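Have a look at this one.
Order as written gives the chain letters A, B, C and D; numbering starts at 1 within each chain.
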């Protein structure tokens, strides 16, 4: 497996994200229909389609550049709560990795942590509030742990993706305290948080891109031994 | 889903385009990014007023652009707050050198996007103040959550702050009167039917043939609880009680009573609701000084209504009565 | 049936009562028999304008009572024309010595009841002229039937004749301008859903999930034909074509374009329809000089719209622009 | 059987009418829902309830007074097309019978003819236009024929009621040319005209009141041998 991930991986992650969001568009709309306003899937689909278009037009040369492109595009195309939150996440991840062309496991874990911290800085949610943070925080914890244990980047992301998915599932019984679902109070329980569900999809896309890179599949790239 | 639309993806652009065509005398439409400004913007020396939010609440906000009310409206996708790249140029376009006030309904998305835009506009030299509207008493325990939503009160804030801007108040004064309106208005709504977001294609919630949803917002969110259908007067009592409990009106207080339709409610039903609300207020010794009845802040084709009560002071009455010329609210001009 | 009402039998009285409470500054309500007059009626020396018809079309007609438009409105039961014992006192109440004009939508019931009332008022010394509105081109072969219905054009007749009365035209001149508006306006409507008459308790017709009804009136009558749902632009074409065929506009003609909602249609959809209608007219070399978009003549909670096109002359434009102050139409005052 | 019908019969007719209209209220609404505006049953029910109330308050002493009371009340309470049409019908019938306290068969047939002529005078409908005239004209013809053949008043009204019912049924296949149903053109075929249906009910009520009078049943009265 590769020791680092590069711009090709970052771009593959974003393109995978667009594909997976398009595929799950209706599902995310339906989750948001139940406890929100039925736009989450539509908003992300519009945003990530725009990201893909931007990627086609430009050629970001570093992972950081990819993240910033995503940040700016999501910020201006998604709207709603998810737009600024995901936008900030990518922005902070981009700032964290800076100009690096190769991301090793510790940097990757730091980038994920910075992304999560960005979401918290803007949205002030805590774990248990039934938001995307319930997917991000376990993912960051798992990634950090894996990185500290010496895992490669693909494994770090795999750990994050698995934890994010569990985190998303953990929102099912919760009563929302942030975002639109909080207006429902008790009636929000029994439904998965759409932002947590989409966050899990995005982190799954990251892990899959890394795995594909490690296997030398597609254009997605990983460098090192 | 049956709607008089062409394509769910083009609903907002086509609405804005049609609105611009129908109201050429009032507004100029910018297509990309989407925002509308009053034709004489920027008005030199006047504080600019900008509001915006998800589409689907028409006539809010585009219908309130014009003399005496908003200088710009920024429409997002249906039920989705607009983005900073729309809000920033709209803010700049209406800055007549006296600064700009953003009127923002309290939803996480709106708050975050307007916050970012305000920061950036400010950085580019336009002083921005924000009035956050959060009048919906259906949201309880609001301290521990995203807080109360902005609903019907928004229209009243826009009218009164707009009149203050028009008479030449400075940016802090306009924001202050906007905040004062917000502090004195409470609202609550009911849905008899849901609405269908065009891109979702299915109703946002399902209601039984004899159920109504109490405490709904304006985005097709389910409300706080569901009850069996009952006569209008009983439903009005259920809306008015939390509003009045929270507002704590003194005996002899003067109010504006606003019965708002959610988009699919016949005017007759709004007047039936108004009738009872007015009677209840009269019984409580409250004087209804001003009234507003109609579809002013909607949730697509939802059937239902909201009731807002605004405690008035003399200045608010004067500003409410001040001339206004917009597509949806007009008098004295 | 879910409605924000108390009892089907009291819908009209409670609506009128609520309307009277909300618009005390404009109208005075007489309860038994039911009619509404503007507060300053009778205006001495001014021709009185009376309209009326079945309820369920709000804001028509009560919403148009006030300076510059109607002097009195006479509401019947839902979708049922009022009776002479309402129309006669309303006519007498607004006679300022210059006679009264009745604006009557062409339905057998309305015609018969207003005819009787006019005869009796006339016999009691109030000269009455009648303007019959019959603008609905959905009704074909009208020569052999009850004739065309009065629909959207009614609002335009009431505004323009109202302005003529306000500027002091005599009773024949007011009737003449009302007739001229009627001769120059054509309308056609579409329903996406039916409406439910409160006392009937069931929708007036059933439409499939992907069907629309073309050529509907404003009483929940089924239309002329039913087609599969299609994009808004195509539906607008289907409404506009018979309107324009019948109107035979010259190149360079000036018109008022009126897109009316049937009560349950979101404003956004009306603007989407307006957009296309305006484009089609522009392509045909027709100038849209004035426009009106909104719920002005409705069929309870029906989802749908009608399009009216009025060929304008300079006098009509002047009268259209003249100040008006009613609950539903207001400018310049 | 009785030779003449008096005020008691006329009052019984109106009270029977109110009962039968109330009973068939929904059915008449549904007929009107199909090809009109769903108010016919409601309008008549409101109107005839008011007639009963007026009868309770006053004491019309002749059939003509009963008919005029009905005419005025229906005119001011029914509205729509049916209000003035039925109002005119009763008014003309009242004028025709004048001050007579006893109506014999020829006068009864004349009163029905006058009622029908009143409806035609106001509404200008012909047989075959799918209106109440399709019930009234056959009823008038049958009544006239029976009266000319020497039948008693109860038999005259029975003939009218039977013919009216057949006339109402005959509207089923017709395309409406008058009233609100005419807007539907061809689509009005296949539905019974509500006004024809209610007219048949009213004439049936008249016949039943006469039959009851002849049998000495109730208060409804008939005089003579």
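The working rule: contacts are C-beta pairs under 8 Å (C-beta built on N, C-alpha and C of every residue); 3 or more make two chains touch, one makes a residue touch a chain.
This one's a predicted model, so the numbers in the text were calculated from it and none came from an experiment.
K.L.:
Work out which chains are contact partners of both chain B and chain D.
P.N.:
Both chain B and chain D are touched by C, going by the contact rule given at the top.
K.L.:
Among the chains, which is located farthest from chain D on the basis of C-alpha centroids?
P.N.:
The chain farthest from chain D, judged by C-alpha centres, is A.
K.L.:
Express in whole angstrom the distance between the two chain centres, defined as the mean CA positions of chain C and chain D.
P.N.:
33
K.L.:
With chain centres defined as C-alpha means, what is the inter-centre distance between chain A and chain D in Å?
P.N.:
Computed value for the inter-centroid distance: 77 Å.
K.L.:
Find the geometric centre of each of chain A and chain C from their Cα atoms only, then give the gap between the two centres in Å, rounded to an integer.
P.N.:
The answer is 55 Å.
K.L.:
Centre to centre, by mean C-alpha position, how many angstrom separate chain B and chain C?
P.N.:
29
K.L.:
Specify, in ascending order, the residues of chain A that touch 2 or more different other chains.
P.N.:
none
K.L.:
Give the residues of chain B that touch two or more other chains, as numbers and ranges in rising order.
P.N.:
none
K.L.:
If every chain is a node and each touching pair gets an edge, what shape is that graph: line, ring, star, complete or other?
P.N.:
Line.
K.L.:
Tell me, which parts of chain C touch chain B in their complex?
P.N.:
2-7, 11-12, 14-19, 21-23, 55-56, 58-59, 63, 190, 192-193, 209-210, 212, 229, 231-233, 235, 259, 263-276, 278, 288, 291, 293, 295, 298, 300-301, 303-305, 325, 330-333
K.L.:
Under the touch definition given earlier, write down the residues of chain A that touch chain B in their complex.
P.N.:
Those in contact with chain B are residues 29-30, 33, 35-39, 42-43, 46, 75-85, 122-123, 176-180, 182-185, 187.
K.L.:
Enumerate the contact residues on chain B facing chain A in the complex.
P.N.:
Per the stated touch rule, the residues are 33, 54, 76-85, 107-109, 112-113, 115-116, 138-141, 144-146, 149, 197, 199-200, 202, 204-205, 217, 219-222, 224-225.
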